[in-house]
Amino acid sequence: MSVPLLEVEGLTVTFPTARGPVDVVRGISFSLGRERLGIVGESGSGKSMTGRSILRLIRPPGHVSAGRLVFDGIDLLALSERRMRALRGARISMVMQDPKFSLNPVMTVGEQIAEALLTHAKLPRRALKARVLSMLEAVRINDPERVAGLYPHEVSGGMGQRVMIAMMLIPEPDLLIADEPTSALDVSVQAQVLDIIDDLVTGKGMGLILISHDLNLVARYCDRILVMNGGEIVEECRASELHLARHPYTRGLLAAMPRMDEDRDVLPVLDRGAWTTGAGT
Amino acid sequence: MAFEPSTGVAAVRAGMLAGRAWGGAMSLLRFAIVVAGTFLGLLAITFFIGRVVPIDPVLSVVGDRATKEVYEAARQAMGLDRPLIVQFFSYVGDVLRGDLGRSVSTGRLVIDDLARVFPATLEMATTGIVIGVALGVPMGVVAATRQGSLVDQAIRVLGLLGYSVPAFWLGLVGLAVFYAGLGWVAGPGRVDIFYDGLLDPVTGLYLVDSLIAGEWDIFRNAVSHLVLPASILGFFSLAYIARMTRSFMLDQLGQEYVTTARVKGVPERRVVWRHAFYPIRIQLITVIGLSYASLLEGSVMIETVFSWPGIGNYLTTALLNADMNAVLGATLVIGAVFILINKISDVLYRILDPRARR
Amino acid sequence: MIAWLLDDSPTSRLQAGLGRAWRVWTALLRNPLAVVGGLIILVLVAMAVFAPLIAPQSPVGQDLANRLMPPSAAHWMGTDELGRDIYSRVVYGARITLLIVAMVAVIAAPVGLVVGAVSGYFGGWADRILMGITDIFLSMPKLILALAFVAALGPGIENAIIAIAITAWPVYARIARAETITFRDAEFIAAVRLQGASSVRVILRHVLPLCASSTIVRVTLDMAGIILTAAGLGFLGLGAQPPLPEWGAMISRGRNFILDQWWVATMPGFAIILVSLGFCFLGDGLRDVLDPKQGEKQ
C-alpha cells in the first residue's frame, strides 16, 4: 500500500442541540488504501456521519472539522463546493441504506442512472444508453432494457439496491462508501447484493468503506475493521484477527453473536460499564 | 434471483394496470357522486337562505302595503303554499334549467346578468393567480433552500401578512398610493370611460378582445386598469402558495433521494428543481387550484373597492338593494365554480401522481 | 412549587392539569413570536376592557369644527368626517372586534366539537350523514356564504356573528372527528363504558376534553380569518351599524376621503392587521407546543 487513497485525521462532526453542541464523531483518524474497510458500530455510534462527512454532505447546522481529510492527494476540506461536487459521484460515491427512500420516486431507474454519468461526462445519447444497460447487466439485472423504464416503486427492494449500486458505480469512482447497504433488505437477497458490490469493487481495484452494524457481515466482506462506539474508534484490526480483539466493547459484540454450535440459553447483553469511552452518549 | 423473476414483476404490473382502469372508473363515479351531492348541498343552503330565513318572503316581494288578496295571490304564484320539500325540488328544477329568477334592480334575468359580468371576474382572478404562482412558487422554493435565513424570515412574514391584511383595505391603500399618489396605474373600472363600450364582447375578457380587435390603446389601458387589483389578489394567493411550497420543499429536501442526487455530484440547482421540486408539482396543482377558487371569492371585496364590473360587484350591489334573486344567483354561481375547482384539483392530484395511482 | 407542578406522578386531576398548563406556558415563552402575539392580544383585551380610561375622547362625540384633521398630538390618528377622534374610535372598536371573535368561537367551536365527536364516536350512518353535511359546508366559499346569510337575516352585529359562526364550525367538526377516532377504541374509553357510563357522559367527560388542545390551536389560527370576514361585512355595511366604531365600517367611511385624508381609512386597517397578526403568531406558537404533528399543514 503505497500512497493511501484516503487519510482522515482528527475528524469531528458536531451538531448543536438545545443543551449545547454535541460531538457525534470525536476526532477519529484512519487511512484507507485500495482495500475494503469495514466500520462497525451500533446506531448512534457516528459511523454513518463518518461516511457522509468524507463526502462533505453533513447539512447545516451540522459542522465538520478535521486535522486532515485528504483523498488521493486532494485536501477535501480546502476544496470549493464546486470542485467538491465534481469529485462526488465521479471519484467518491455512496450506496445508501434503503432504496425505497434513496431512489427518486418520479424518475425512471434508467434516467437516474444516466444522470449519474451525465453529471460528470458529456456522452451522445446512444453511448449513454449502452453504458446504462451494460451497467445494469453488471449488477446482474436480467432484462436491463425493461428495468431501465421502470419507476422505483415498481421494483423490489433487492433490485432497487442493485439499481442504486449501478447508479453509484457507473462513473467508475475510486472509492465507494456503502452505508448499511443491506439492512433494509430481505435476508435472502442481502448476500447477493454484497457479492455484487464485492465483485465490482475488487474487479476495478477500488477502495470500499462498508458501514454496518453487523460484525459478522463486515468480517466476511472486508480486509480491515474499525469498531466505533460513542463517536470514537475503539478497535482497529484485520478482519482475520477479529477474534483477537481486546477492547471490551468489541468483545461484548462478539460474545453477543449467536453461533451454530453453541448451547447458550440466553445471549449476553452488552455490559456498558466495562468501558468508559462512550460516556456522555 | 429466485425471488424476483422478471415475469413476476411484469404480471404484477399488468395486474396493476387493469386494477387502475377499474379503480379509475370507480373513483370517477365516486367523484361524480361527491360533486353532485355537494351541489345539492349548495342548493339546499341557498334555498334555505332564500325561502326559510327571511321572516316573510312574500312581504319582501309585494311590500307591506299589499292587500290580502294580492298577498295571497303572490304567495300562491311563488308556490309558497306547497310543502317545503316540494318547493325545494321545484327550486332545484328551476336552477337546473338556468332559471335563477329576475333581478329586481336590473330588471333582467339573473342568469343573463351573471353571464355578462362573469368574464370580468374571470379575467381579474386569472391574472391574479398567474401573478401569485409566478412569484409564490419561486419564493417558497428559495425560502426552503435557505431555511432560517433572512430571506426565509421575510417570506414568512409576507405569508402571515397574507392572512392578516384585509383585501379591501389593501385595495384602498393601493389606489391611494399607485393611482392617486404615483400615477403609475389607472383607477377604478376596467377601462377609461373614454374607451367604454368600444369593444365587441367576443370573450368578455378585455385583454383578449382588444387583441382580437387589434386595439392596442384599449389593450394598454385595460392592462393599466387590471394590474393593481390583480396584483392585490395575486398577493393573497402568493402568500398561501409560497407558504405551502416552502413546507412541501422542506419535506422534500430532507428526503434521502435528494441526498442521493447530491452524492452523484448533481449541481445544486438541478438538485433543487429536478429532484426536490419536480415531485411536488402535482401537490402544487392542488394548492394552486384551491388558491384560484379562493381568489374568485376574494374578488368580491376587491371588485367592490375597484368598481370592477364583475360578479363580486354584482353581488354586493344586489346585497345593498336587498335583491335576493341576484344575491342567491351570484352565491350559487360562485359557490358552484368554487366547489368544482376545489374538487377537480383534488382528483387531479390522485390522477397525476405515479405513486398515488397504485 | 415548580417541582410540584412538574411531578411525574401527579396525585390529583388539578395537579396534572396545572402541571400541563405550566409546561405549555414555559414552552410558549421560549417562542418570541408567540410572546409578541400574546402581548398584542393582551393589549387588545386591555383596550376593550378599559376603553373609557384609555380613549381620550368619546367614540361618538362629534366636533364638526375639527373634522378631517390630520394626525397630531391632540388626535394621534386624526379625526374623521364628523370630527370624531379616530384613535378613540379604534380603542372602542376593540370591544366590537373582541365581541365578534369571542362569540363566533363560543358558538362555532362547541357545535363543531359535538358534531365531530358524535360522528367519530358512533361511526356508521351517523358519521356518514354528519360528515356529509360537514363536507358540504367545508367546500363552500365562506365569505360568500356569510354574505348571503347576512343578506337574508338583515345587517347588524348579531347577524354577522351568526353568519360567520355558520361558516366556521365545520373545521372543528373535522378535527374532533379525527381525534375521536384515534382513541375511540382505546382501553380507557372501554373501561369507562364498562363502569356503566352513558354515551353522553363518555363524550362529554372523556372524548371532548381530549380534543381540546387541537381545537384551541385551530380556533386561534382561525381568529385572523374571522376578524377579516367581520371587517369585510362591516366594510360592505352589513356588519355593525353606525355610529358603532367597527373597524371595517370605519374603513368604509374613510373610502370617500382616501385620496386626500388617507388617515381616516388607513388607521383602522392597521388595527385589523396588528390584531390578526397577533392571533397568527400566537396560533403558530400554540400549534408548535400543543400539536407538533400538525406541523406546517393547513
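All chains are identified by letter, namely A, B and C, in their written order; residue positions are counted from 1 within each chain.
Methods note: a contact is a pair of C-beta atoms (placed from the backbone, for glycine too) under 8 Å apart; a residue touches a chain by one contact, two chains touch by 3 or more.
In this text the structure is predicted, and so the values were computed from the model without any measurement.
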Neighbouring chains shared between chain A and chain B, ordered by label: none
Chain closest to the assembly centre - both centres taken as Cα means: B
Gap in Å, rounded to a whole number, between the CA centres of chain C and chain A: 53
Averaged-CA centre spacing for the pair chain C and chain B, given as whole angstrom: 25
Set of chain C residues in contact with two or more other chains: none
Residues of chain B defined as touching chain C within the complex: 37-38, 41-42, 45-46, 49-50, 53-54, 160-161, 163-169, 172-173, 175-176, 180, 243-244, 246-247, 250, 293-294, 296-298, 300-301, 304-305, 315-316, 318-320, 322, 324, 327-328, 330-331, 334-335, 338-339, 342-343
In the complex, chain C residues that touch chain B: 132-133, 135-137, 139-145, 147-153, 224-225, 228, 231-232, 235-238, 248, 251, 254-255, 258-259, 262, 265-266, 269, 272-273, 276-277, 280-281, 295-298
Chain B residues within the chain A interface of the complex: 1, 3-4, 6, 9-10, 13, 255-257, 259-268, 275, 278-279, 354-355, 358
Chain A residues touching chain B - in the complex, by the definition given at the top: 55, 57, 85-90, 93-94, 96-98, 101-107, 115-116, 119-120, 140, 142-143, 146-147, 150-151, 153-156, 158-159, 164, 167-168, 186, 188-189, 192
